[in-house]
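The following blocks contain the structures, represented as structure tokens.
Here chain A shows up in two complexes: once beside chain B, once beside chain C.
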Partner chain A sequence: MLSIFTKSQMYITAASTISHQPTFKNAGFSKLIEPLKIDSELISPNFKEYIDAGLLRRMSKILRMSVTAAKDCLQQAEVDQPGAIIVGTGLGCLQDTEKFLNNFLTIEGLLPPTSFIQSTHNTIAGQISLSIGNHGYNMTHTQNTLSFEHALIDAGLLLGEGNDNIIVGAADEYIEILSTIGEHLHVKPEVNLTSGASFFIVSKEQSGKSIAKIKDIETVGLVQDIQESIENFLINNTLKESEIDLVLYSDFNDLKDSGQVSDVFKRFENSSELINYTNIIGIYPSNSAFALHYAVDRIRDNNKIKSVLIINGLNKINLGLILIESIEA
Partner chain B sequence: MDTLKEDLKKHIIEQLNLEDLQVSDIDDDALLFSTDGIGLDSIDALELIVLMEKYYGIQVTNPEEGKVAFLSINTMADYIAKRRT
Partner chain C sequence: MSVRITGIGIVSAIGLTVAENLSSLENSKSGIGKIQYLDQKGDYLVGEVKCSNRELISRLGVKSQPISRTSLLGLAAAREAWGENKHSSKLRTGIISATSVGGMDQTEHFYRDYLNQNNPDFHVLKCHDSGNTTERIAAELGISGYINTLSTACSSGANAIMLGARLIEQGKLDRVLVGGTDALTQFTLNGFRSLMIYDDQWCRPFDESRSGLNLGEGAAFLLLENEKSIDFSGNETLCCLSGWANAADAYHQTASSPDGKGATLAIQNAIEVSGLSALDISYINAHGTGTKNNDLSESVALLNIFGDNCPDFSSTKPFTGHTLAAAGAIEAVLSVLAIQNSIIFPNLNYSRAITETGLIPITEFQSNQPVTSVLSNSFGFGGNNSSLVFSVNNS
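This part shows the complex of A and B:
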């Protein structure tokens, strides 16, 4: 179990998401979006407005999404250089990995280097840094469905050490072979496999640009008792279920109705709004980063929402918990 | 020679994903690695080495030779013509 530690606050001063929903540069999107349609596609902005043509030509989908969302955050926060760049990704740069492996299998002689170089998970954080000329702390966390939570914990630790205005986010990309592999494994999710990138600027001090604050983060690998973990997390934050206004949860087989956590969800149901965010954004390993943006957007839009709990149970052996509060809370 | 230069430009555009460029946009004597020319970089240099082997069966093993050969389309075409004979 890993949790955030420090009493330092983490204020969110900017948020940006590129996804299969109209989330990009669309404050208030949480009011408008509907459950994901079966034929949904990635909604791409004009990447040329954000990325130099020389860099853009080599970038795969995940790199274009991530660099654009990160630069949008910098614009929103009016920050030139972030104190650090921290990225979470479950599966990394799949397009380039697939391309490299296909080259490897089919080409005799020298292999083209670009897809090999860009197939590594840390290319995302690296390309963000290259595109803005940043030489600071640059870190990538890949922890399956808890990658984003680990990136956030890292950001919290760095804020505690004095860094400020940190870019933290997560991204994953869908490629066709994921569906093929799913078919071979006889896994057919009810919700689409999708692509998405959500990035944020987090700061140690509250400012006029602060939208919300992250109060706590906890990850539990090989989780034994989800219900107990959620209850303990709330106790550690001196909160009762009734004090959570909005619960955003994600799971593969609908955790809420599985019987595993029925009691805690029943208690939430009496006082909180419950939303399965996977039904909105689709399935990708780091989709809890979208949930954070969704929470921030709801808080910005509705001053009655003071506390939001994200329960990431996308992978049933991993549990991620993020507690977000409005600035006024 | 002109056909070779045209082919070379097509391969470079494709291999390096120069999606905004047409064959007609690349002058034969434009400097490939200068921002005043095509603006290629070190990763592109590696891609050009692969391109030379893939399409022309030429292995560029001497870095100094490559530096001169990859100056422009003209120098690349000359290099290919010489290595083929």
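This part shows the complex of A and C:
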């Protein structure tokens, strides 16, 4: 088990999400948001305000969302050059991957290279660095549902090494074949498969821009005992269940109704507000990054919320935990 | 900085074990040849691991399927690096792998059948995602907890090693298996063809006539341990990872900058982290893919750092082919072997220096060399540049 107690603190100084919900440039969205509709679609901002039109034409959905959200973060934080760019993605650039599969399997002779070039997972972080001319640390984590948590842990390490003002985020894109695959594998999620990108700036010092603080992050791959892992995480942070004001959790099918995990929730039920964030944002592997933005938005909006715990159980073999605190706490 | 390396494992076109790889290197025996295993038309030169999936499954005793070739290769190398080590609840053990294709070796067969409506097997898609590649290796080795995968194209393997070292340095893990794995796929072979940088001849790194790369496949892992872990394991230190750095070139999505900016930054910072000076580097295992662009940009970076005093250097890609995400890990294991055995590997297929830079690589196998520190470069798509420094263990 890994618990991150960064030598330095981790303050969130900007947050930006593009998703199927009205999250972009809409502080306070957590108050207004309604459960995801069945026929929901990605709510696209005017990408041209952020990306050169020539580049934009070649960019897939995941690249547009990511570059735009990252640039929005830089504007919010009033940072010209971040110290590093760290991205998590569960499935990477699916649109270009499928396009290049199609191309080489059907075209005889010369193949257009663009979709191959843009199919690699690190295209996202690469395009962000290119778009702002950044020469710093550039990393891409891809550990299916824990990709964002791993990116965040990496950011914590970097802050401890003296780096600062890091862009960290996660993105995944929906393509139609995912629904077909789900049907064939007899996986029937209760909510939609969606696309989303959430990016943040994390800094080591508190400033007037600080919105919230990340206290700890942990990933447990091939988790054996979810309840014990959560208990240990809270003990390591000298917290009791009753001290958590808001629990944001995720499960493919609702955790609250299923076996092992229900005990976990009983412990929070009396004192904490419980919200399944996947019901709000839909299913994509890195949707816990949205949960972080949601937590930050709630904290900014309501000074009674001091501690938020994100329990990412989207994939039952993996557990991700993020502890967020309000600045005043 | 200094993190101990106590285990190594490798599977490549030149052998299924560390010993087999070393023997091929000593005998200047390349593993690149015509396609034997990959389902792909054409006389392409590739560095395949000389073992079918069925043979790998049987050798490794893997029970549950589907499993990607990427996972199988990774498991073979990770198991060799892990060796006889024991699990302990007192030690925080992790695994970080790197891959660029993940389960694409299975997915591309599925997708062909899917397009042709030829009864596609949807179940193989369960091993498509890169994270699954690592989870399968972790499960077979009995590792849980910190399981992570990096994907930064051709620098992925080096980045996995670097991340592992940083987690140990900051006291987050006691020991960690780090490395990378990539199977040869039609996807990547056709991808590099589409970029017009696939050489139909033997790849010729650092040669004036170079005209592209040959793809390879394989995997390598290293075991990194802190003092607490070594007290438990009693493992001997093979050598140390002493420097690491990652920098973005921010020049072009696929091409490297002509002034070698990202590469220069990565090399410079890695040497700085190691506490050594450029003069202390005994050998450089170059990225040296054989493409016009990489080798020129890397040569410029070497001149930027070392000036007229460039240490002995070579690219080992004419032995293994370019193994993409595994390359940084495979070349890390070769760097360890260079230090352990006081040897320097030849840059095969070289005849004439690049006009602009004039740098001449080592072309014959050298033994009895005082190899105390090795610089290993890994540069990739998206301007991801990483360098590692390995040093003889002085403690």
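Assume the second predicted complex is superposed on the first by the 327 of 329 C-alpha atoms of A that agree within 3 Å, B and C clash if a C-alpha of one lies under 4 Å from a C-alpha of the other, contacts with A are read in each partner's own complex, and residues count from 1 in each chain.
Keep this in mind: a contact is a pair of C-beta atoms (placed from the backbone, for glycine too) under 8 Å apart; a residue touches a chain by one contact, two chains touch by 3 or more.
Values in this document were obtained by computation on a predicted structure and should not be read as measured data.
S.K.: Overlaying the two complexes on chain A, which is it for chain B and chain C: clash or fit?
M.R.: Superposition check on chain A shows chain B and chain C fit without a clash.
S.K.: Scan A:K188 for contacts with chain B and chain C and give back first, second, both or neither.
M.R.: The answer is neither, since A:K188 touches no partner chain.
S.K.: May I ask you to decide whether A:K304 touches chain B, chain C, both, or neither, giving the answer as first, second, both or neither?
M.R.: Neither partner.
S.K.: Have a look at where A:K31 lands relative to chain B and chain C in the superposition and call it first, second, both or neither.
M.R.: A:K31 contacts neither chain B nor chain C.
S.K.: Touching A:A53 in the superposition: chain B (first), chain C (second), both, neither?
M.R.: first
S.K.: Report for A:P112: first if it touches chain B alone, second if chain C alone, otherwise both or neither.
M.R.: both
S.K.: So which one touches more of the residues on chain A, chain B or chain C?
M.R.: C
S.K.: In the overlaid three-chain picture, find the nearest pair of C-alpha atoms across chain B and chain C and give that distance in Å.
M.R.: Minimum over all C-alpha pairs: 7 Å.
S.K.: Which chain A residues lie in the overlap of the chain B contact set and the chain C contact set?
M.R.: In chain A, residues 110-113, 117 are touched by chain B and also by chain C.
S.K.: Residues of chain C touching chain A in their complex?
M.R.: Those residues of chain C that touch chain A are 92, 94, 100, 102, 107-108, 111-112, 115, 122-123, 125-126, 129-132, 134-135, 138-139, 143-153, 159, 163, 166-167, 170, 172-173, 186-187, 190-191, 193-196, 246-254, 261-262, 265, 380-384.
S.K.: In the complex formed with chain A, which residues of chain B make contact?
M.R.: 15-20, 39, 41, 43, 46-47, 49-50, 53-54
S.K.: In their shared complex, at which residues does chain A touch chain B?
M.R.: Where chain A meets chain B, its residues are 53-54, 57-58, 107, 109-114, 117.
S.K.: Could you pull out which chain A residues touch chain C in their complex?
M.R.: Result: residues 1-4, 7, 85, 90-92, 98, 100-106, 110-113, 116-123, 125-127, 129-130, 133-144, 146-147, 150, 153-154, 157, 160-161, 181, 184-185, 219-224, 285, 317 of chain A touch chain C.
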